[in-house]
Structure formats: C-alpha cells, structure tokens
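There are structures below to look over.
Look for chain A in each of the two complexes below; its partner is chain B in the first and chain C in the second.
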Partner chain A sequence: MAAQTAGAAAAKATATPKSDDKEMLISGCEAIAHACRLADIDVVTAYPIRPYDTVMQMVSKMIADGDLDAEYIVAESEHSQFEIVKHASAVGARVFAGSSGVGWFYAFEALAVTAGLRLPVVAMVGNRALDDPGAFGCEHNDALAVRDLGWMLTWVETAQEAMDNALIAYRVAEDPHVFLPCAVSVDGAFLTHSQHLVKVPSKEKVDQFLKPYDRGSKLLHPDNPITIAPQVNEDWLIEIRKQNDEAMKRAQGVIVDAYKDFNRIFGRDHSPFLEEYMTEDADVVLVGQGTLAMPVKVTVRKLREQGKKVGFVRLKWFRPFPTDEIQQSLKRFKAVGVIDRDYSFGSPYSGGVLYTEVRSALYDLANRPLLHGFICGLGGREVTIEGVTEMSEILLKTKQTGKVDKQVAWIGVRE
Partner chain B sequence: MSTIAVEVIYRGIFQKTMAKHITRGIVLAARKEGKVGIAFGRYGDSPERNGIPAKQFAIVADNDEELQGSIAKYEPTEVDVAIAVDDALCKGVESWAWYGLQPVNKLLKENGTLIVTTTQSAEELIPHIHKKELPYNLAVIKGKASFSGLWVYKNDHTDMRVLGALPRVAPHLFGSPALESAIREEWKDELKVASAEKSFERVQIRKVKPEEGNPEIPYSFTMPGWKSMEEGLVVRAIPLGSHFPGHDGGYRPERNPYFKKFTTRTMRPVVDFSKCTKCTLCWLQCPDSCFDVTPDGYYDANMEACCGCGVCEAVCPVDKCVTMVDDTRFDNNNGEWEMWKKDKDGYATWLASKIEHRPERSHGFHHRGQYEKERIEQTD
Partner chain C sequence: METQASMDIQKLDSFKGVKRVTVEEYFTSGHRTCQGCESALVMKLMVKAAGPRTIVLGSTGCMYVANTTYYTTPWVVPWMHTQLGSSGSAGLGTAAGLKALMRKGKMKKEPINVIAFCGDGGGIDMGLSAISATLMHPQYNLLILCYDNESYANTDIQVSGASPWGANTTFSPPGKAHRIMHTRWKKNVAGMLAAGHPACRYVATVCASYALDMMNKVRKALSTGGPTFIHSLDPCPKGWDYDPMYSHELGELAIEAGIFPLYEVEEMKLKFYGKTKKIVEGRLKRRPVKDYLSRQGRFAHFTEEDIDYFQKKTDEMWEKWILPGVIPIQPEKDGGK
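Right after this comes the complex of A and B.
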C-alpha cells in the first residue's frame, strides 16, 4: 500500500532492465504474444477482429521463425476459436485465444462452458465497444459480460503488465485448486495499438515461474477413460456450481502466491489486486481499471500541486473481486469516485458495472465512504485531465458537504 | 387442506398424448365442480425416449392457495391415484434421468389407488408390483397397452375409460356428471362420454395388503455432495468387463451399476440356443450391449440391461432362434443360457410356453386391421 511519489514512478520507468531481461519496443498485443512464446503454449486459435488481432500476427510470426512450436489453427469464427481451445485444454494442451467486442460475444456459448468445465484457457480481450453502431474504440463491456460465469478477469495498465499478467494468468488458471479460465483485458487502441518499452524476461526465468500444465487424473486421454460434461440436470448442477464458487474463492489466495513468486523471480514489485497511487494522506480517491489510470495519475499530481488531497486506486483483478482489499482501502477515505469505461443500462442509479460492484463491496462497512460513479471514455473516447479534474472536484465538494448530490454522472459527453 | 394428486405413468412418446388427455381431463372435470388444478409432465423425462417410463401429473385443489404448494415442483411427493397405462410398468419405473428405479406404487398414499390398464387379472399383476408398507387399492381396466393418440393410431378411448373410472376409485376428485360435461366440452364426442360411463361400471377394484407383492427391495444410491464429487465434471469410465460369472471363459462387460434400464422393456428376447450358429450379429447389433458371451461362445441376453428393442430378433439370420415375447410373462431377470445348459429339454418346453404368449403384445401393428381385431378380442 505504499504510495508512490511522482519522482519514484518516473525513476522506475527509466531504470535499466535486469541483466537477462531484454528490452523491446512492442505493442500490448505483441507483449501478450511474447507471453505465449515464453509460456510455450501448445495450441492457439485465430480469427481476426480488431483490436486484439495483432497478437495473432505476432504469434504466427514466432511460429514461422521457429521461436515457438505450437498448433496454429485459423478458426471460421470466434465460437469455434474458443471451442477448439476448450477441447485442447481438456486433452492437456496449454492454450491461447483472444478476441474483441462482439467477436468475444459470438464465442459466448463456448466461453460459458469453458468455465463450467473448469478448463484453464487463457484469453486476451482487446477491449472494444460493442457495435453496431460501428466502433473500434475501448469499452469494457465485452470482457465484463462473462463476469458471472467463472472466468477470472484482470485489467492491465501497460504493455509490461499485459505480458506479466498473461504469465500470471497461466500460473493461476492451471493451478489444480483453481482450474478456471482467465481473460486478460487490454484496452483497445491505447495498449493494443501502441508500442511501449517492455522488459521481456528469459525463457529460463519463466520456466521457474510456470511449471508445465498438468491436468492429472482429469486428463481426457484414451489411457485415462473418463467422460466430461455429462447431462446433469437438477440432480447435480447446484453441487457443480458450488464447486465453481469455491474454486473462484480459492483463486484469491493462489493469485497472492503467484505474485509473490513472480516478484521474486522477475525482480518486480507488483501488488496482487490494487495499485494505490498517492493515497496515503488522500481525502478522496478515484477507482478505475485499465489505461485510464494514466490520465488519472497525471491529474492527481496536478491537483496535489494545488494542495488538493486526491488519490487513485487501480483495480487489477475484477474476478475474483478483491472485496476485503477494496474495503480496507476505501474505508480510509471521505469520498470515493468509481470510474467506469462501461455502462449497465437500468442498473441501480444507472451506474456502471464497477460502480455497482464497489458499492456492493462497501455495504457491510460500518463507516462507508460517500460514493460517486462516473461513466466516461465510452467508445474509446479519451479520458482527459479536464474530465478527471471534474470528477475530483465533485468528490472534494462531496467531502465538504458530506452529501452526494447525484450518484452517477457522465463525464465528457456532449449535451 | 384438500389437494388431490394423480400421476399417469406411461411409455415415453408412444403414450404421451394419451397421458396428456388423461391429466387434462382430470383438471377440466374438477373445474366443472369449481375446483382448480394444474396438469404437467415430469420435466426430467423430456425429451422423451421411445418406451422409456415417463410421468404426467394432475393436481386438483379446492382453491388457488391450496394449489400453490403443488406448483413449481417436478413431481409430487405423494399421490392419491397412480395410473399405469401399460401393465409392464408394474415391474418398476425408471426414467432416463437420475430418479433410479421406482416401484410403480411408490408415491401412493395409504388407501390410494393404482389403476392399471391390462389384459391380466389383479392376481397376475400383484407379484410384479413391489411390496408397500401401507395398504392400497388395485383397480383394473381391461385393455392392452394402448397407442391411442400416437400419430395414425386409432383412438380406442383408453384415455376416456381411465377418466371414467376415476369417479369410482376417487369420488372426491370429481363425479361422473362433471366428467361427462368436461368431455363434451373438450372433445365434443358422445361416444367418448359413453366409453367413460361404461368404464365406471366395469372397473374392478381389489385391496392390496402390505404383505402382498414383489419382495425385492429396489436398489438405491446416495447422491454425493459438492465436497465429495469429483471436480471438473469428470465421470470415471466403468472398468472393462471380465469372464462370464461362475465360469473361466466367456465375457461379461461391466455395466452401469445405477442405471439398469430394463423397465423400458415390454418384450424380451428368448433364444433357442440349439438353433444358434454363433454368427455374432445379435451381440454386435444390440444398441445396449446387453449380450454376455458365454464360455462356449453363445450370446446370452442380460435381462438387467436389455431394453427389449427387438433388434436382435430382426438381425438374427436363423428362423425362430431369437424370438421377442411378452415380458409380463416373466417374474425375474434370470439368464437363459444357464437354464438351457442345465436342462435342455426343460428349456425347450419353457421356451415354447413363453413363445405361446407372443401375440399378446407387440411393438406396434404390423398390418392394417390388426389393432381393431386385437382390441375386440382382448377387451370385449
């Protein structure tokens, strides 16, 4: 929970990489492709949709160059893409697939059963608005749509984190205590289509972190004759759902352990669930996920120069939702503003998905902070310093008056 | 509290429409007396399979509040009347879902009534019906397992005859005038009204005491909880089979110990081993792998696993080697080969006696006019 200063953050970004890490200028998609290479995946499926599909180009190049030995299957749709990796995972292959926006939705049936079957598929979602109307830009509704199904969901801020979290995703998903699929959400355009300096570790290091996928006695193989996915009806299904529920609860601890190992082996200092930015003495904080952290951090620094005690809490894992961590963090502040790059029409107070979840997580606190929801950045519109300043001022006013005037506001929408 | 539950136990698909007529007729007739009710099929039986035992229910209550306790359930916990529209169901009811084998009278309340449409007598049926701790009534409506309501099969009024018996066996459900009024309104057919009236007179009712019936205790199983169930929806394969029991050679495959399937059967194959050429066709073609290989290379249909489909009879190239016969003429699931091995002459006599009953039941009607002819012979 150590608050970083602006200077420390800047110093970290320019630090020399560890000796055996290789610095590369690559996009968020390419960073995920390197994670696939380092994890030595066995099966990968492709179907083009912007903005995730750069990852497919990079993976195919790696295979062509002999840097990765994997089955590369071009499916005829996203549905088949995810059906193929689901089955491959059942026979013991480490798999990867990705999609975006409505492409991800086209795979929905396969996505639902992958979690139900407890198959550790790792996917990338290049977050994209759900068209029509046609839009390539970033909204989080695509990945969020699977939030109830047993998929673990993580959002990243940088290309570096995209690669790191993809490796962590394999480690957590394939843990026999978990065996759940995991989607790494990478904001369309801002991460998928821009190149950043990324420290790419050696295969040897990754091998220390990531053991081969072992499905054990659940492996679908002629030498281990089993049936999976039987018809179960009301006689069995609630017990199966309960097992999913417990696996998701266990994932929380497995994630913490994975980060410990990751930090030790790769020399990083990631915290598992939340990144706190200038929160130590903050009166009010914003909460959000993905790349909007960047303009928010810049704004927080500007407001700090004016003596305004604003901070930021970045949520890294949406599923499993870190309820305790969110409670412990947010109870320290007078007012909290949740930024949603998504919408949930008709929800309580017409708030976004993240707002509603945070609100629910805080309900049992004896002293809850005053809570605002902000919807912004839809369709990939930039989240601006002006916008974040507007949100911060609303929070500061609420802190003063002790009263929330309006629960949810849309920021940066033309009237 | 006055809720009356009726179940109709029938052969999936073949008797579905008829069962629906009965349950709808019950609710509509009770409505004529100002009662309310619901009619529904057991959801777990759907999609229905040919011949698999299935159930439909009618629940009747004095008012909506009383009815609420019977809504949003798959199956009532007890019934006042159970109706089996095929007497072969007296051996038990096993749906294709996870209910296990249920005695046909399992849900009957004390002094409730089991109605069976049959060409047999109550005395002949009782040894097949599992013993019950409480006394109940057995009502017999003369008639074979009807296909009435199935596509082109002629309506033989079995549904109306069952409905007509209800005011006799369960007068608290509804009286004959209400039933007749409901039949006129729903089906607009005076002949159907007449069939119901006739059945009211003809139905025969007999008390069944707790000590009467099949003493066998149906197998049961426990359903594991989420902590003990294997995760990942994994179901372990049944192990490979081994030799024919009691012998060194031969082969019997391992079979699902929980799902027996034999209550689907209305006909069973009997094999004349003296004619068998060991051609393997029955063993190869049986969709349920029900044939065990005997130590001397014959194929013995295992009656715990046989669904009575008749494929073996159809593929057997030898005349009168495999013959499908009426399953209600058997009191057990014993193997035939062992019997033949012990006493070949005795087996031949036994076989002939079983084949004699062959025309009493069929899987369908093979020639025009067969249905009408058999119906008259058996019911009038």
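Right after this comes the complex of A and C.
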C-alpha cells in the first residue's frame, strides 16, 4: 500500500509530456544503482552489510552484463572500501561506495579523511540501527555521525528521489567550488527494499546535467607532481579547516543551481531543501526526514478531514543545513514538532539530533514557534498513524495553551 | 577473463653495478628525519629505482610525519598521504583509478608505477588485512613496500608485531618484576604473504645496507606487475639505541647473524641472495646473534639466558623450518603415526 502510494506520488511529480524516460518498478537500492550507471562511475567498492548491499548486487550485475564499465572491487572491510575509492578519486576517477549501520562506523577513519581531503566521493547509506544489540531496522544515527566532518548529507523519500539525488550528489560534490563528499541516505528496508515506479532518464540527458569529473590542479599524476596532505599541525590546520567551512557554505548555492538545471533538463519540479505538505494554512507542523514522510502525510490528511490544521515539512538536506529556509518556513507556525528517527543521549532536553539542530536554527528568530521533539521509529519500528496523531494532538494542545509542557517525548514505546 | 594486469607495465632492467645507477633523485632535501635514519635512505633508493613516472602513497608513520611538513616536501614525484592501516587500499585504489580512466579514454594511456609504503606498525599490525586483500587482485599493478624499523618509531618507539622478542620499547620497558615485557617473536610477514597469496607474483626481503640489491628488487617488483610486496629491515638509531653512524653496519649484522634472511619469491620460486645465500649454501657461517644484540641499547637488559633463547629461536629458523628462514612449518618427526 505504502509503496503504491509513493510510486503514484513519484510518477505525478515526474510526469512530463514528451519524455524519453523509461519507467521502471525498482527499489531505492536499484534506483541508486541506475544513477551509478548513468553517471558512468569509474571505480566502485563493495562490502556486504544489510540493507545497503542490494545496491552492490545491482551494480555488479550491471558490470557483468556490460551495462557499466567500472573497476569493481569487493574489499575486505568497510575501511578499505572507503580508502580505495578515496584514492581512486584523488587520481581523477568518479567513484561510488556505500554502507549501513556499524559498517559505516567501521569506515569512520576513511570517512573523516575523505572530507578533510576534499574528495568528491559519493556514497549511499542504507540507514540501519547501530549494534549492539543487533538490529537490521532503520535508524538515522549511522549517517548522522559524519555531520560535523564535511560530508554533505541528503535524505530521500522515494526511489525516484534516491536516483535523482544520487545524480545531484555527483554534480554538487564534484563542483570545484565544493569538492566535498556526499552521502545519500536511504531508509533501510522502508526504501532500500521497497519498490516504486521510477522514471529513469537516458544517458544523453544525464550527460547534459553531469559534466566529467575534473580534479584540476589537485590531480595526483606524474604530470602534476604535487604532495597531498603533508603534516600541518598548528601552523596551518585552522586555515585549512576554514577552507572546508567555506566550501560547505558554498555548497548551499551550488545545490540550488543544480536543482534548477536538474528540473529543467529532466522536467521535474523538485525544491532543493524542503518539501512542504499542507502547510499553507497550518497552525502546527511536523518536521522530519526520509520515509516517515509517508505515514505523516497520511495522518495529516486524516486530521485535515477533522478540521485540524496540521502540516508537514520534510527536510531533504541535513548538510549543508538550510538554516534560512528552515527559519522562513517554521516561523509561520504556532507550534512545531521535530520527529527524530535517531537519538542523542545526554543532549539538551535529551532530544534527537534533528530536534537540536532545528532548535538551534530557530534561536535568532524574533518570534520562534513553540517546539517539541519526538523520538520514534527506532530500530525500524513502524511510524504509525496513531503515533503521528499523538504527536499532532500534543502540538495542537501546545498551540492552545501557548506553553510546552515537556520538550521531548518518545512515541510508540511499550511501557 | 582478466587474470592479470592488462595495462602495460614499465620494464625496469636491473642496474648492473653501482656505476650504472641513474643519477636523478626523486626524494631529495626537505625532510627532517633523524641522523642515521635508514628508512629515509630506503625512500630515496625506492623512488630512484622506480623513476619519475611513479605515484607514491605513504601511510602514517615516520616516513610521513618526518618527511612531509606543509610547505616543504622531499618528493619530486606525486605523493599522497594515506591512513595508518591503508597502504594496501591506497595502492589498490590508485591503481584501479588509473586503470579505469585509461581504459575508458579519460586519461592518457601510459604505464605509471604505483608504490604504497607503510611502516611495520601500519603494515604488519594494523594494515595487514588490507595488504593481504590487495595482494589477491592480479589485475592491478602496484608495489607495497614495508619499511620495518621494528617499532612504532614515530610515536615514541612503541612495541609492534615486528619488534624483536624482548626489545626494550616505551611500551615494553624492562622492570624489577618483569625483565622481558615483550614476549612475542617477530611476525614472519614476507613468508606469510608469499605463501598465502596466489595472485602475488613477487615478494622480496631487502636491507638498504645492500643498496644496489635493494633498488633492483624494487625494479623487479614493478616490472613483474600485479600486486607485489617488499619487506625492508631498517636499522633505527633512535628506536634501537645505537650511534647513528652504525646504521649500515647493523643492517649487515642482522643479515650475517641470520636474523633477517634476504630472499625473493618470484612466481612462487624461492631464491636467496647476498650473504643469506652464502649462509644457506654453507659458504658462510652465521655470526652469533650476540654480535648483533650487544650493539643495541634496546637489548641492554638481556641476560646470557635471554641471548641463548634468542640464539635458539634463530637457529630453529635455519635448522628446523621446512623452508629455512622462510616457512616455519615442521613435519611431524614420526610421520604423524
């Protein structure tokens, strides 16, 4: 049911009158594999962990069938997986890797230096709970862990968006004004393994959007014998950090431009940072990332039938964080509830990561909305209509009383 | 099916004598290694042997931190840092990137040497898994060179899996209750890698005390193609505690005492060379290990008993191993009955 509705929504959003797109019923993982093929990646590294790994099953088959020409390396660990693509990227290759949960953490050292080196590696994270105890289900703490390092992070809702954002990720990451890695976060199981109807464009169209990766003066090659990443210490590191900071700031504008081109070339109508759902006259809104958008949208429609003015704002890019857009959007509402499919133990009000970020972004507003944080759906537990209704009722009550009783609540936890 | 490197490899003939060695240097001034540092010499000889069309990847260690300080570099060839445990992956990623780009017409076709180096901490401890994985990929041309100075020398001389038994390091200091704090025998890395990696067509051990041999092994490794491995024993004045003027001599003593055998395994054929060859053929008697141990402060706490144990373990390498000096497996004497 959920997949069908999402598929219909995706088809509606992407319908163009004269399109040579091929419509395919594929999963989020398969959609990203098609983006890899269309981007003509040069080097790809795989290592098995659920649920991201379906993308590599797809990519390896594309290579086996001759649909993609790339060096395909099955590494012996996630650390090697990400080190290999990091170095391939340094010699000018367009690369792809991915992981999930603790696998992403096993690569953590490589992830840190990839951002530090300003290498435009594009990765997929199939969001998964961190062990222990073992759990395959979706949580966002894996991808969120790199939020301070210089990785760009985008969350997607549908298979269509997974493919589109993977292409946009290459475009933005490889822009010489940016040169930062980018991870496309795909909710484990809910999107990695559920199928949607996806408009897959032609290679020719993608070539218009995505120019070849050019490392320029940073290319590691005997014709350009540079030394990369010498020891800097206190003499220079802070200046280099500042450069990375500037690059991340520039990424914001580059993303906006990339969406303009993307929408023009592919006939889509994506907005870059936020998707607003029934917010025009809303009193209160929920904010969230990824596939929980589906049950939230369904609940919003149901509540609207009861005359309750609830809306939803979906955040598409967590890094760079669209502070202005979030301010302009959320200042219109009386109360806002941030849904986290993650946790941050010991944080302010023991809120989730997204709650804390949104709260920080709203601080300078003259008229801040009243703010709630909701932690739910951990370990892949379904975010239900009942749960979203409960959150909405809390927001509506806060709107009435004008006061937040309890900043953060866990929703759907058995007592 | 692609079973070995299809991209052309550079053909680097052996230097026939020291007078035929090329004069150009690709590792020059701009570093700040210790006086008497043998590993700096290894870097210089390694890249001299490889020539200008080479990319070098250096994992964290002395040869990173002491060599490349921002705004200076001794590297004339392109050079890039890699993480402590990533020499194997760095070499693999670089070779794979070049290969894909050249095959797909995105980069001018030419054979480019790829060398990834690591110290013993990075290579023999942390990075062993990635090196092992890399040596399994026949289709990529790269050399991994481990400069083994037998400790984490960059971080203050801590014990590694390649430190000799009993050595005094900052993590294994002799004390009143325990004279020997490092109780592990040195890991047999070249033997293990040569024996266990069917795709690896060349493994060698070297010592820069024999500079010409050392350079020629590098040239052979690069000319053989596929993933290759060289293990270099590098005397370290700071870590081994001796006067820097004796680095060359200590390298010779390690070979003459039979502690570090010199050999190459080419296409699974074992060849000893230099003084090791003479030892194996019975033309040179091994020196007592005491001649080597007594020259270094790291063994100053050794008793006669410790020296005897070290000698006994070294003798076993030559008298009991199925492949003396290389493979330690021994057949059961009674045939397993």
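Criterion: the second predicted complex is superposed on the first by the 398 of 415 C-alpha atoms of A that agree within 3 Å, B and C clash if a C-alpha of one lies under 4 Å from a C-alpha of the other, contacts with A are read in each partner's own complex, and residues count from 1 in each chain.
Assume contacts are C-beta pairs under 8 Å (C-beta built on N, C-alpha and C of every residue); 3 or more make two chains touch, one makes a residue touch a chain.
Values in this document were obtained by computation on a predicted structure and should not be read as measured data.
By the touch criterion defined above, A:85 lies against chain C but remains apart from chain B after alignment on the C-alpha atoms of chain A. In the superposed model, A:225 makes contact with both chain B and chain C.
When the shared chain is aligned, chain C comes close enough to touch A:73, but chain B does not.
In the superposition on chain A, contact of A:247 is made with chain B only, not with chain C. In the superposition on chain A, contact of A:116 is made with chain B only, not with chain C. Look at A:236: by the touch rule set out above, it reaches both chain B and chain C. Of the two partner chains placed around the shared chain by superposition, chain B is the only one that A:179 touches, whereas chain C remains out of contact.
When the shared chain is aligned, chain C comes close enough to touch A:212, but chain B does not. Considering which of chain B and chain C touches more of chain A, the answer is C. Counting contacts by the rule stated earlier, residues 225-230, 232-233, 235-236 of chain A appear in both its interface with chain B and its interface with chain C.
If you check the complex, the residues on chain A that touch chain C are 40, 42-43, 69-71, 73, 75-77, 79-80, 83-93, 95, 109-110, 113, 212, 220-222, 224-233, 235-236. Residues 44, 74, 97-98, 223-226, 229-237 of chain B are the ones that touch chain A when the two sit in their complex. Residues of chain A touching chain B in their complex: 116-118, 179, 217-218, 225-230, 232-236, 239-240, 242-243, 246-247.
Of all residues in chain C, only 52-55, 57, 64-65, 68-73, 75-83, 85-86, 88-94, 96-101, 103-104, 106-107, 112, 129-130, 132-133, 137 touch chain A in the complex they form.
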